[in-house]
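Some structures are shown below for you to check.
What follows is chain A paired twice: with chain B in the first complex and chain C in the second.
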Partner chain A sequence: MIELLLTVFSATFFVTVVRTTTPLLFAALGGLISDLSGALNVALEGMMLIAALTAVIVSVYAPWYVAVLSGVAAGAMLGALMAFFHLRLKADIILVGFAVNILATGGTVFALSRATGGDKGTSINLPSKAVPGVDLSFLEAIPAVGPTLKSLLSGHSILSWLGVFMVFAVWYFLFRTPYGLWLRGVGEYPAAPEAAGIPVAKVRAWSLVASGALAGIGGAQLAMFNYIGFTRDMTAGRGFIALGAVLLGARHPVGAMLAALLFGIFEALAIVMPNLFNWIPGEMIQTIPFVVTVLALILFSYRAQRARQMRTLSKI
Partner chain B sequence: MSTTSPSRWKTVRSETGRALTALVIALAVALVVILLTSADPGAAFQTLLTAPLSSNRTMGLWIDDVAKLTLTGLAFSLVFQARQFSMGVQGQVYMGGLFAALIAMSPIGATPLAIPVAMLAAMCAGAVYGFIPGYAKARFGASEIVSSLMLNYIAILVVNYLIRAHLAPAGTGQLMTAKFPDTAIFPAILPGTRFDLGIVIALVSALAVWFLLYRTSWGLKLRLVGHNPKFAEYAGIRSSFIMVSAMTVAGAFGGLLGSVFVQGRAFGNLAQNFDGNLAFEGILIAIVARSRPLAVPIVALAYGYLRQGAQLMGIRTDVPTEMISVVQAIIILLVASSFSLPGKKLFARLRGQKSANAATPEAAK
Partner chain C sequence: MAPLLEAISIGKTYPGGTVANDGVNLSVSAGEVHAVVGENGAGKSTLMKILFGIEQPDRGEIRLDGKVVSFANPREAIDNGIGMVFQHFSLVPSFSVYENVVLGSEPRNGIKFDRREAIEKVRALSEKFRLAVDPLPPVGQLPVGQQQRVEILKALYRDARILILDEPTAVLAPQEVEELFVAVRALVAQGRTVIFIAHKLPEVLEISDRITVMRGGKTVGSVNARDVTEDSLATMMVGREIALRVDRAKTRGDVACEVKALKLTAESGVTIAQDLNLKVHSGEILGLVGVEGNGQAELLEAIAGLRPVADGVIYLNGTSLGPKSVLERREQGLASIPEDRIARGLATGATIAENLIATRLADKRFVRNGLLDLKAMKANALSLIERFSIRSGGPGYAVGTLSGGNMQKVVVARELSEQPKLLLVNQPTRGVDLGATQFIWKSLTDARDGGAAVLLSSADLSELLALSDRLVVFYRGKIVAAFVNSDDLTAETLGTYMLGLSSQDPEAMRAALQ
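Moving on, here comes the complex of A and B:
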């Protein structure tokens, strides 16, 4: 137990948490935007998976930032595809989302075997690149706290820093710009913005595109920083966990970030625990993020329900 | 169903037409993909379309798939009719498979009771696993989509662990259990093929789900809740009870599928990751069948053919099996949406019909 505490309160663990949280954070922000616009995006998983593969394949031929951008573009295109089928052709958003997920699980394996010449498991024989880390070793020069600061802050992926910035950017967009107001209005009560002359379908379509783009960054981080290269089904439920983070985050970017952080911590725990407790079977440790998601979801929904009931009661 | 016969036939005709159009479009896309990627596109496409009929063995594989697809399609139909998006069939399959295997490997497995008891155990396990997200939603308001998906991952990991550490024959390092005794494996209807009891179970289940949905008051309430939860609430139906019970019953069918998997002639044991992602393909079956239990086996027959063709294409030619997921996605997208072909309105006007043909209510939703 002591070892576990020592590990958890070490700088390396913090770095692992940041690494595991980043993909979840981007996907959760993406899910938040589309959820606020009134379309629950269950395709985060598939978008991340396709973006991850796109980024890996492009990174073989182009610099890392082009690869990340192509992952973003892939996610955005899937968002546009969902918008087209959901808004123009009136298909149910959840069914459309699962169609994207099905396309992703099979399509990535198909594309992977095409790109690698028959390998259906990993992209190990493709020389793919990584997102560079941000080196902040100059912080060490600060007296007293320098080395600690350096070990905590140096070496994170550029995308992790972008993630922190995105939380702020999404918050600013949603709560301080007119478009953000439109978006929330469309999700809250579409008839009102419709009457005010706001193009409801357009707002929803763009929020799905933005949602896909954000999930795409998450996928790129996963395949170009957390792991270098693509493996079959590498998202392993992260998109769905991110969806849980959206629901858990009280429909607020900061809430989504905290929820993503919570799940990131438990994912990091699942990474470090096998070294500490070799008597616990690996599969059981791997279930931790999923179990935590279910429990957190139930607990939070219960609290939200209670709060609603209290509000109604106080009105009477 | 209170609709009169002619209009029902019209719905059936138009739905079949839509499904077939979607299939043709999807196959056209598949053909393009094959043309772009294969060295011998003709052979690949021909394998996709004709290989399942090539021998008794492949036909057995096809029918085996049809049985399993029917069951997963029924499980999804039940929850979709109640307008719940519980995606937990995969987890239920694993739990059902696990419990069926436990019974088959216990002393009961060597007695003639093995098959019914194992099926019952699997159904109970699946029902419990379907009940959890339903209860979490009804009692706490937790999204059934997320919780059921999380439970899928948990079930797969737990079953894989139990197989690796406890159920596999010790010391062999195998990731599957030993073969069950013969009494616990479904008898083959045609000897030497996989044409076994599974298909009978699937057809009986389809009839049972139809009876539950359309001939019992529970089914009427369930469809009402799915169609218009507010009205159902006003009519005095306890929608949360219906919701939970729909997911539980669907879970029982998911569990039954688990037992069909492990006790069928295809496996006859419990292996890691045995479902091969088939459980999720029930979404497609349920959507195309518009969640009608009696249409599910027919859709499963057609889709199972395509699926088996893709498997054989993956083995016999240079096009990977996974190509079929493109076809799946397109079919779901097209059937779930109210698409119409660009020329359709013009065609209708030319024939002198009213083009303002009201869209059929989307029963799948």
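Moving on, here comes the complex of A and C:
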């Protein structure tokens, strides 16, 4: 137990948490944008998976940033595809989302075997690149706190820093710009923006594209930093956990970030625990993030219900 | 003076083949309040949608300031100075008043939404047009009357010269209607033009300068408001003399339903109604009067078996209804026409024939060996469609495709196809046109003459006064007054009791409660 505590309060654990949180954070921000626009994006999982593979394959031939951008583009295109089916052809958004997920599960394995020349499990024999970490060794020069700061802040993926910035950017967009107002209006009560001459379908389409792009960054981080290379089904439910984070975060960017952080902590725990408790089956430990997601959502809806009851009582 | 806005021989046929507008003419002068009246389905809404660019006309033209214009979408209509306030508000509930007003044309500062300027502009507008609203609270927390002002402000913020109000008074309390009229007069005084769609004639006569009457997709004519009376206007609307009077019950029978010391509570434990005592005789209509939310609707629900009773007893023909289920109550001869026909009264996706037997699935005539007898259902539907003159494509059409009045007739037909012993009626003619109203009233009095005890609740006092033999007034969950209906009884008298302004002497009340 003491060992576990020591591990949890170490700088390495913090670095692991940041690493595990980053893909969740991007996916959650993507889910947040489309959810607020009124189109629940259940395809975050598939978008991340396809983006991850795209980024890995592109990184074999191009610099890392081109690879990340190609992952973003893949996600955005899937978002546009969903928008086309949902808004133009009037298909149900949930069904379209699951179609994307199924396409991703099968399609990535197929594409992977074509790209690797037959390997249907991993891209281990592709020389793929990684997203560079940001080296902040100079912090060490600061007296007293320098070494701690360095071990906490140095070496994170450049995308993790981008993630923190994106939380702010998404918040600013949603709550400080007219387009954010449009987006939230479209999600809450489409008749109102429609009557005001706002192109409702266009706003939703762009939200899905943005949602896909953000999930795409998450996928790229997953396959180019958390792991180097692609493994089949490597997203392992992160897209759905991210959807949970959107709800748990009360549909607010900062809330989504905190929720993603919570799930990231448990994922990190699932990574470090097998070394400490080898008597617990590894599979059990790996279920922790999912069990926590379910528990958190139950707790959340219970509290939301209580809050509603309190409100109706206070009204009378 | 040349008219500001003109619609000339507008024609519009919907894809389903419904001719909504057929040679409609409308001419609105600047600075007037122009009412467009007509029954439901007369084509008023279609005409307004065409003027606002939601629908495109198949024939005819629209002229604004003498120039021919056509609007491909609402945006273009807005840009040309036309604003519309729909019956169902287009407001985002969680957004503040000012956010709703400026939505779509926000003041900007770089890429930033300039909130301060938005708030100032909304304040200035609401002062200028005497539409007092605080710009800051979320719209969802405001009463309906204030939400409507926000809608009007929205149109004015976009510089609407012509404001179309689609049945603006339908959702308002009498007090709020007065406030709306003050605002409308202020608008006209500042040179704006108002097109007012309505079917409550007294209001139309009070507020408008000119009135255009529509019937069956055509314009019947335009008249000056001061040249017409309510009766002549009603005749123009329906195309025939209509008697909005009904005969009183001639005889009344024994007590059919008795409510004793009834208490109702909400889920949260709050008391909705208490100490309710009343009797309904067979062959009479008892009107339940009261501002909505004072316990009348809940009483009807409790009798129908849709709401638990906290205390007290309900008797139907001497037996207590307490332990009985809704179905058992119906078997005893209870019928119910609920308040919300779409949510409670009908399955809008199901066909007319299906809806008409939905309460009779235990009936051997329609269900044999657990299977629906489609032939019998169809025959039943055909005869009821005929008897209740339901305008529809046939028994196989979904109820949702009918107009409001015809939907209501389906409910009435189902509930009255067999003579009930106790009939519960809530808002029978809300949103229903005059022709159908007259028909539904007749159906209710026929049921009464057939021996039904009728409990009638309505937000429309004139309906209650026209139909009821006796009336009881609800105020805060209690019966505060009771009257035997007579020509001397006026809406004003009832109003003072409804608002709790006067109280009745217990003796008089007891006498009228018998």
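Everything that follows uses one rule, which is that the second predicted complex is superposed on the first by the 316 of 316 C-alpha atoms of A that agree within 3 Å, B and C clash if a C-alpha of one lies under 4 Å from a C-alpha of the other, contacts with A are read in each partner's own complex, and residues count from 1 in each chain.
As a convention for this text, a contact is a pair of C-beta atoms (placed from the backbone, for glycine too) under 8 Å apart; a residue touches a chain by one contact, two chains touch by 3 or more.
If you're wondering where the values come from, they're calculated on a predicted model, not measured in any experiment.
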Worksheet item: Thinking of the overlay built on chain A, is A:Pro281 touched by chain B (first), by chain C (second), by both, or by neither?
Response: first
Worksheet entry | First, second, both or neither for A:Ser137, with chain B first and chain C second | neither
Practice prompt. Look at A:Gly185 in the shared chain and tell me whether it touches chain B only, chain C only, both, or neither; answer first, second, both or neither.
Written response: second
Worksheet item: When the two structures are overlaid on chain A, which partner does A:Thr148 contact: first (chain B), second (chain C), both, or neither?
Response: neither
Fill in: First, second, both or neither for A:Val109, with chain B first and chain C second
first
Worksheet item: Is A:Ile198 contacted by the first partner chain B, the second partner chain C, both or neither?
Response: second
Discussion item. Which chain, chain B or chain C, ends up touching more residues of chain A in the combined arrangement?
Written reply: B
Discussion item. By the touch definition at the top of the document, which applies to A:Asn125: first (chain B), second (chain C), both, or neither?
Written reply: neither
Worksheet item: Just chain B (first), just chain C (second), both, or neither: which does A:Ser10 touch?
Response: neither
Discussion item. Give the list of chain A residues in touch with chain C in this complex.
Written reply: 176-178, 180-182, 184-185, 188-189, 191-198, 309, 312-313, 316
Worksheet item: Which of the residues in chain A end up touching chain B in this complex?
Response: 40, 42, 85, 89-92, 94-96, 98-100, 102-103, 105-107, 109-110, 113-114, 120, 236-237, 240-241, 243-244, 247, 281-284, 286-287, 290-291, 293-294, 297-298, 301-302, 304-305
Discussion item. Help me check something: in the complex, which residues belonging to chain B touch chain A?
Written reply: 37, 85, 87, 136, 139-143, 145-147, 149-151, 153-154, 157-158, 160-161, 164-165, 277, 280-281, 283-284, 287, 320, 322-326, 328-329, 332-333, 336-339, 362, 364-365
Practice prompt. Would you mind writing out the residues of chain C in touch with chain A in their complex?
Written response: 73-75, 78, 84, 86, 88, 90-95, 99-100, 103-106, 108, 111-113, 154, 266, 268, 270
